[in-house]
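Structure record follows, encoded as C-alpha cells.
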Amino acid sequence: MSSSTLTAAPTLTARYRAVRAHSEALCRPLLPEDTVVQPVIDVSPPKWHLAHTTWFFETFLLKEHLPGYRLFHPQYAFLFNSYYNSLGSRVNRADRGTLSRPPLADVYRYRAYVDEHMQQLLAPYADEPAAAPFAEVLELGLQHEQQHQELLVTDIKYILSTNPLAPAYFPADAPAPAPQPALPPARWLPVPGGLGQLGYQPAAGDAPGFSFDNELPVHTVYVAPFELQNRLVTNAEYLEFVEAGGYEDFRYWLGEGWELVQTAGWQAPLYWVRPEQPGGAWQRFTHHGLQPLDLAAPVTHVSFYEADAYAHWAGARLPTEPEWELAARHFGAEPAGGNFVESGLYDPAPLAPDADPAQCHQLLGDCWEWTYSAYHPYPGYSKAEGALGEYNGKFMVNQLVLRGGSCATPASHIRLSYRNFFHADKRWQFTGIRLAR
Amino acid sequence: MSSSTLTAAPTLTARYRAVRAHSEALCRPLLPEDTVVQPVIDVSPPKWHLAHTTWFFETFLLKEHLPGYRLFHPQYAFLFNSYYNSLGSRVNRADRGTLSRPPLADVYRYRAYVDEHMQQLLAPYADEPAAAPFAEVLELGLQHEQQHQELLVTDIKYILSTNPLAPAYFPADAPAPAPQPALPPARWLPVPGGLGQLGYQPAAGDAPGFSFDNELPVHTVYVAPFELQNRLVTNAEYLEFVEAGGYEDFRYWLGEGWELVQTAGWQAPLYWVRPEQPGGAWQRFTHHGLQPLDLAAPVTHVSFYEADAYAHWAGARLPTEPEWELAARHFGAEPAGGNFVESGLYDPAPLAPDADPAQCHQLLGDCWEWTYSAYHPYPGYSKAEGALGEYNGKFMVNQLVLRGGSCATPASHIRLSYRNFFHADKRWQFTGIRLAR
Amino acid sequence: MSSSTLTAAPTLTARYRAVRAHSEALCRPLLPEDTVVQPVIDVSPPKWHLAHTTWFFETFLLKEHLPGYRLFHPQYAFLFNSYYNSLGSRVNRADRGTLSRPPLADVYRYRAYVDEHMQQLLAPYADEPAAAPFAEVLELGLQHEQQHQELLVTDIKYILSTNPLAPAYFPADAPAPAPQPALPPARWLPVPGGLGQLGYQPAAGDAPGFSFDNELPVHTVYVAPFELQNRLVTNAEYLEFVEAGGYEDFRYWLGEGWELVQTAGWQAPLYWVRPEQPGGAWQRFTHHGLQPLDLAAPVTHVSFYEADAYAHWAGARLPTEPEWELAARHFGAEPAGGNFVESGLYDPAPLAPDADPAQCHQLLGDCWEWTYSAYHPYPGYSKAEGALGEYNGKFMVNQLVLRGGSCATPASHIRLSYRNFFHADKRWQFTGIRLAR
Amino acid sequence: MSSSTLTAAPTLTARYRAVRAHSEALCRPLLPEDTVVQPVIDVSPPKWHLAHTTWFFETFLLKEHLPGYRLFHPQYAFLFNSYYNSLGSRVNRADRGTLSRPPLADVYRYRAYVDEHMQQLLAPYADEPAAAPFAEVLELGLQHEQQHQELLVTDIKYILSTNPLAPAYFPADAPAPAPQPALPPARWLPVPGGLGQLGYQPAAGDAPGFSFDNELPVHTVYVAPFELQNRLVTNAEYLEFVEAGGYEDFRYWLGEGWELVQTAGWQAPLYWVRPEQPGGAWQRFTHHGLQPLDLAAPVTHVSFYEADAYAHWAGARLPTEPEWELAARHFGAEPAGGNFVESGLYDPAPLAPDADPAQCHQLLGDCWEWTYSAYHPYPGYSKAEGALGEYNGKFMVNQLVLRGGSCATPASHIRLSYRNFFHADKRWQFTGIRLAR
C-alpha cells in the first residue's frame, strides 16, 4: 500500500461506521437463507462477506494493536480467512456454501463485537487519524470492505438469478421504463499520444489519500495517438452483434473464447433472456427481477472474450491500460456525477440524450471497462511485507485489467489509477465495453 | 405398490397429521440457514425434504382427486420434483443447495396449505379410509414421507458434521456415557436351509397393510443352511480391524473398494475422528456433536466395501438377501422393542449385557444391514403405470440391498420384507454389519 | 481355480504352441502402429495383450518352476502386470497407450524367449501333463491367453473403428451379402422350473477339464417355470426399437441408463451408422470396415441398459443367470456347431432360415447374452491363495453376468457354467440380447 | 505475415528440400511405434507433425496454385488440420494419439507426393523466387515446418521420457561429461532506458526476409533503465533454490503457480530426477536418456511460475518483452555462434569458462527466455485475411512471451523480434531464466 493520509472524513470513527454500515444495509433486503448459498465458486455467500471483512479488522488491527483484545471466536480465523497462506489453513473456497453455521445472527454479533472494539482502538486518534500507527492498515481495511461491498451487489444478483423464482432484491417494483430510443452512434474522440505517467499521482490531480500497491510506482509510458469512443457500447449495439450471428462465427473470437462459447453454450451476455418467439423482446435479470432489455443502456456482464469479439466485429479494438488511463486524464474524468453504487440503480445507466458528444462519457462508474492489458506488476513494483503482501501481488498473471469502476462501486473507492482485474471468462461483475482504434 | 389396506390408526386424518408433524419436529432444532445447504450431492437440504414430501401429496392426490384444487405456487413442481421424468423438467439434483428461495417460512406455509386441503380430501373417508379411491396413493405418500424423515435425520447429521464448528443438533448435552465394557464375542446361530418364500406376506406373519412394489411378488427361493451372528459387529470389533491395518491391505477389499479407499483417503468409518496422539481415544461425530467412540455400540456409517472387507478380515462373509429374510423369519424378528427413530437416540445402541446370546438381536432397527445381493427385481415384478412407476423400478441396477431398518427409521415403516438399497460406496446412512458364514 | 485335469490335446506342448500361435495370428494383419494405441481405457493396445499374456507365463510358471530362469527384461513386470497388487506397482491402466516401447518386434522376441523356456519346462511332462506340479497354473495361463484373444478381436475392432479412415482388418473384401429377409418372429419355449444345480459339473455333462474359481462351488438353486426365446434378438427387431423412438423415451430405461443415453448421446448400438438421408440404409463398422446392416443377424454391441430397455419395450425381460444356465442344460446346448472365433466371421451370424423353431438356438457362441444377475460369489466361494486369488474375486460387485460366449471366443474356452462379467454400460464386446418372460 | 523477400538460399528448391529433409532426419532414430503416441495433450505424435506440415503445403500452395493438382487423400485434410476453423472440422486435438492410421510409411509417401508436386510448382521461379505469386505463403510454410521441427525435438523427448524404460533418442552414448565446476556468479549489466522501437526492423539490423505478423508493426516503446544478467540461470543456481525449500514456500510463488505446485506435486524442473539417497546426485532425462545434472548448464524445462518464483527468491525479477528486445539490440545479439538445433546437442550448453563477463551471453539459442509480458497484439496489429489469419492472432490472451530461441530452434528461424508464447504452466519446451532488476 502506498504511504497515504486518510481521506478527509467528518471523523475517523464516523467514516469507519459509515463504511461498515453500508455492508449491512446492502444485506438488509436478504433473508437468512439468501446469505448462505454459493451457486458457483466465484460467488461467495453474503454471510461470508460480512464475516470476512470483519475478520480483516480483527486480524490486522485488533489482534495487533488493541492490548488485551480477545478473539470473538477461536475458529473464525479458519472460517473467514480468504486466501492468506501466511495466516494458516482455511475453508476451501469452493466449500463456502456448505457452511450453515455460524448463522447470520452470529455474524452480526461478530460485527458488533469487532465494531465496538474498533471504536476503542480508534478513539485516541479521533482528531488526528494519520497519527495512528495503524493508519495505513485501517485504510486498507476500509478499502477492502468497499471491495467486498461491490462483490455483495454482484454476488447477490447472481444468487437470486439462479433461482427459478427469479426473486427481486428490491422490494419495490422497478420504475416503468420510459420508452427510450437507441442513442445516436458513438463518436470517435482523438487522444494525443506521447510520453505519459501511469499510476497513482496525487500531485497530478489524483485526490490525495489512498492507493493500492498495484497502482505504484508511477512510471513513464509511451502511447501512440489513438481514438476512443465517447461512450460505452450499448445494449442496442451489442444486440446487433448477437442478432448478426456473432456467437456463431469463430472469426471474431480469440481461440480460448471460441472454445468457451461452444462448451458453455453462450449466446448472449450473462443474464440476458432470449425471447421465446423470434421477434419478441429480450429481457435481462436485474436487482428488480426480470426486466425488458433497456436498449440505450450500456451493455454489461460481458466477458473479455465477448468484449474483444464485439470489438472485432465492429471493426475496432479494446484500449490498452495505458491508453485508458492517459485518455481518462486527458479528458479530465472525475468520479463526481458518475453512476456509482450510491445512485441505487445497481445497473449502468443510459447516456442522457442531450449529453455533449464531444465529451468522453461514462469513464468512471457504470461499467468496469475491459482493457487489452494483462494485470502485471508495474515496473519497480514491490509488495508489502507479511500477510498483506498477499493482497495484490500474487494475482499478477492470467488476468486482464479493468478500469473505471461500476454502478456497484462506492464512489469514494474509485480513482483514475485504480486497477481492477479478472480472468477473461468472468461475467458476473458489471463489466462493459469501450472501443478504441 | 401392493394392494393394501391402510394400517390401523386412530383415524385416517390423525395418522396423516402425525406423520406430517414428525417431519416438522425433526427440523425444529435447525436454523433457517441449516435447511439450505447441500454439502454433497447425496444430501438434500432439509428445506427441500419438507417441500418435496408436500409436493408429493399435492401432485398425486390433490391435483388428481380434489376438485377445484389450485396449486400453491405454479413453479413448485419444477423446484420440488425429485426424479420423475414423467412429470417434466426439474432442478438438477446437484443444484438443490444453490436455492435460497423459497425460504423456510414459505415452505412451512406450503405445508400448511397442502395439509389443510388434504384434510378436506380425507374428511369424507374418515371412517372408512380404505374406501377412498386414492387409498393406496395416500398410503404411498405417507410411507414416502417416512422415508424422507429418515433422510432428514441422516442429512442433518452430515450437514452439521461438515461444519468446522461441529455444532450439535440436540440442544441438551449428551448423557455422560457409562463406562461400557466391550461385549462378549458374538455367537454363531445356525439357520436351516431349504425352500422358503421371499417377499411381503401378510398371510405368513407380516402385518397386513402396506408394502412397496419392490417387495413383490412373493416367490420361492432355495437357500443352503448357514450361520448368522447373533448381533451386529461392534465399534470395538471394527476398531480392531482399523488398528490391524485393514485399510492398508488390499487383500481384504473388492477392487473398486480398494481404489476408493486410496483416492478418498478412507481410514475409518464416516464420522470417526482419529486420536491426535497414538493411543488416544477415538471420537465420533453424532447428533450430540463430537463424542467418544462407544465401543459396545454397533459400528455404523460403513460402506458396503468396508462391510465386505471387514467380513473377509474376520473370516466370514455378509449374508445374501434371501438368507437375511429367511433368517429373520426363522428367528421371529419383530419391530417391537427395536431401536428406531422413536427412541430419540439417533444412534445404534449397544446390546444389553444380559441379552440372551441364543437369540438373534438387532435384526430390526439400529442399523441397515448390508447384504451381498444386488437390488434387482423379484421374479415377476412389474412396476406401476404412470409416474409412480418410477418410484422403485428404475433404480434396479448397481445397488445393493440393505435390510432391517435403522435408528433413524420410523418403527411403523419397517417390515421383514422391506428392501432398502444404496450404492456400494455410500456411508451417510446408518449402515452396519451382520456376519454370516 | 478348480482342481482339473488338462483337456485332451495331441500333446501338452502342442496345445501350448497352438494357443500361443493364435494370439500372434490375430495380430498378423496389424501394422506396428495399430498395436500401440488405446483410444479408451477399456481397450488395451494389442502389443500390451501380446506381452501381458507372456508375462503371465513368465511370472507364474517360469519364475516359480524353471530353475535358473532369467527374466527377459527386469522392467517388463512393471510394464505388463495388469492388476495384481500382490505383484507390486505397475503402469497405470489409462496410460498403456502412451508407451511406444518396447516396440512390437521386442514383444515378439519376448514371446519367443518365454515360449522356448516354456518348452523346456513342459518337456518332462510331455506324456503325462497332469503330473506336472504346475498343471493347474499352466491351464490357467492358457485360459487366460484365450480370454485376451477375445479382447484382441474386440479391441482391434474398436481401435480401427475410431479411425476416420475406417480401415478394414481383413485384407480381402467382405463377401457380398446375400439379400437376406428378416427372420420369422422368435418363438417362446417353455422351461420347467424347480430345483437345479448351478456351476461347473463335469459329472452332469460338462466336459471334464477346467473351470474358473468363480464357477464353483456347484450349488442348488430354485427357479420358477419361465419361457425363453428360441433365438437372439436380431438387428431387424432392434432397429424397430430404434426407429420407434426407443432412445428418446425414458420409460423403457433404468435411471442410470437413461442418464447415460443423454450424456453420451447414444442413439443406436455401438458401431451403427445412421443413414445420412431418412429412409437410407443403416451401416455397421465391422472387421471388414463399414458394411450394410445385416437385418437377420443378431444385434450386438449393446450395453446392459440397452438390452434391458429393449426387453421392456418388447414386453419381455432378460433372463437371470440361473434361468440361463438351467435352460441351457435343459436344451442341451453344446459348443459344437456354434459360431466361435474359429468361424473367422468375427460377427454373430443369422440363424439359418430352415432352423427348427422348436429348438433353442445360439445359446453358445454368436453373442454374450446379458443376464439380469449381478456378478457375485456363489455360496461357499473361496478364492485362491496368493496373487492368483486376485484373478476373479475382487471384481464381484457392480457388474452383470453374461453367458454363452461369442463369435470372438475360442470354442475350446466356453462351457455352460462359464461366467463372464461387465459393467452395465460396456458395449465393445460382442454382447447381445436373449429375451425371457 | 509481413511483406518479405525470401531469404538468400542456394536456390529456392534447394531450400525447400533442405527444410523438408530436416524434419525427416529428426524422425530417423524413431521406431514407427514412437511416432504414434500422445502422452499429454500438448505433445503431438511425430507422425502427425510430419503429415500436418505437409498438409500445410498441400492446402495453401498446391490446391491454390498448381493447376490440376489432386489431393493425395481426400480425408487427410480432416486428419491433419491443426486448428483452422476456416478449413472445416478436424480430429480433436486430444485424440491425435488414438490414430494408428495412416501408418508412418503412408505419411512418408504423402510427403514424397507433395514434395514432388511442390518441385513442379517451384520450378518456374527457380531463378526469381520472389516473383512467385505465392512467395509469402511458401515462406510461411517453411517457417511453419521449422516451428514443428522444434516441437519434434521437444515432443520426442517427452514421449521417450514417459516410458519406464527411459529409452535414448541418440543411438550413441552421451559423451562422458567433463567434470565441470559451477560458473562464477552472473554479473549485472546495465541497459540504458528511453524510447525504442519494438518489432521486426530489417532497416535497423534485422536480417531482411521473413517475420510473422505478430512481430508487426514496429512501434515505439518507453523503457526505464534496468540491469540484465550476463548469462542464463544455471542448474547449480536453480538447485540451490530447490534445496533451500523453494517449492515448499508459498511466498515466492504467484497464487496460481502455488496451487499447481501443490496439485501437480512439482518439486523440481521437468525431467529432473531426485537422488534416491539424500546427498546423492540429481539426474536429468535427456535425448541421451538419464544423465547426471550438469551444474554449469542453464536450467531448462521450467514453467513461467518457476522462473518467476526463482527470480523472487533470488531478489530479482524477469525482464519484460520490451526490455528483452531492446537489451538484445543494445548488446548486439546475433544468431551466429548460438547453440541452436544445428549443434546437435539438443540441450542448452554451459557458458565457456573464459567467456567475457562484460558481454551478454546466451540471448539467442540455448533456452527460450520467459518474459513477464503477455502475448498480446502490438498496437496496430492486424491479422491476415482468410484461414492464415488464424495463424497467430487467435492465441493472443492468457499466454506469456518467450524470446531468443533455444537449442531446438533452427538457427535460420530466429530473429531479435521473434515472439514465442506459451501458457504459464508449460515446461516441455527448452525454457530458461534470464534475470533482470
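Each chain gets a letter, A, B, C and D, in the order it is written, and its residues are counted from 1.
Definition applied: contacts are C-beta pairs under 8 Å (C-beta built on N, C-alpha and C of every residue); 3 or more make two chains touch, one makes a residue touch a chain.
Everything quoted here is computed from the prediction, not taken from an experiment.
Participant: Supply the minimal count of touching-chain steps required to go from chain B to chain C.
Facilitator: Contact-graph shortest path, chain B to chain C, evaluates to 1.
Participant: Return the distance between the CA-based centres of chain A and chain C, expressed in whole Å.
Facilitator: 60
Participant: How far is the middle of chain A from the middle of chain D, if each middle is the mean of its Cα atoms, in Å?
Facilitator: From the centre of chain A to the centre of chain D is 39 Å.
Participant: Using mean C-alpha positions as chain centres, tell me how far chain C is from chain D in Å, no decimals.
Facilitator: Computed value for the inter-centroid distance: 47 Å.
Participant: Name the residues of chain B that each touch 2 or more other chains.
Facilitator: Not one residue of chain B touches more than one other chain, so the list is empty.
Participant: Under the stated touch criterion, can you name all the chain pairs that qualify?
Facilitator: All touching pairs, sorted by chain label, are A-B, A-D, B-C, C-D.
Participant: In the complex formed with chain B, which residues of chain C make contact?
Facilitator: 83, 85-86, 195, 219-222, 224, 226, 250-251, 253-258, 304-305, 308, 317, 320, 372-374, 376-377, 379-380, 389, 394-398, 400, 424
Participant: Could you please specify the touching residues of chain C with respect to chain D in the complex?
Facilitator: Interface residues on chain C, with respect to chain D: 31-39, 47, 75, 78-79, 91, 95, 97-104, 159-160, 162-165, 167.
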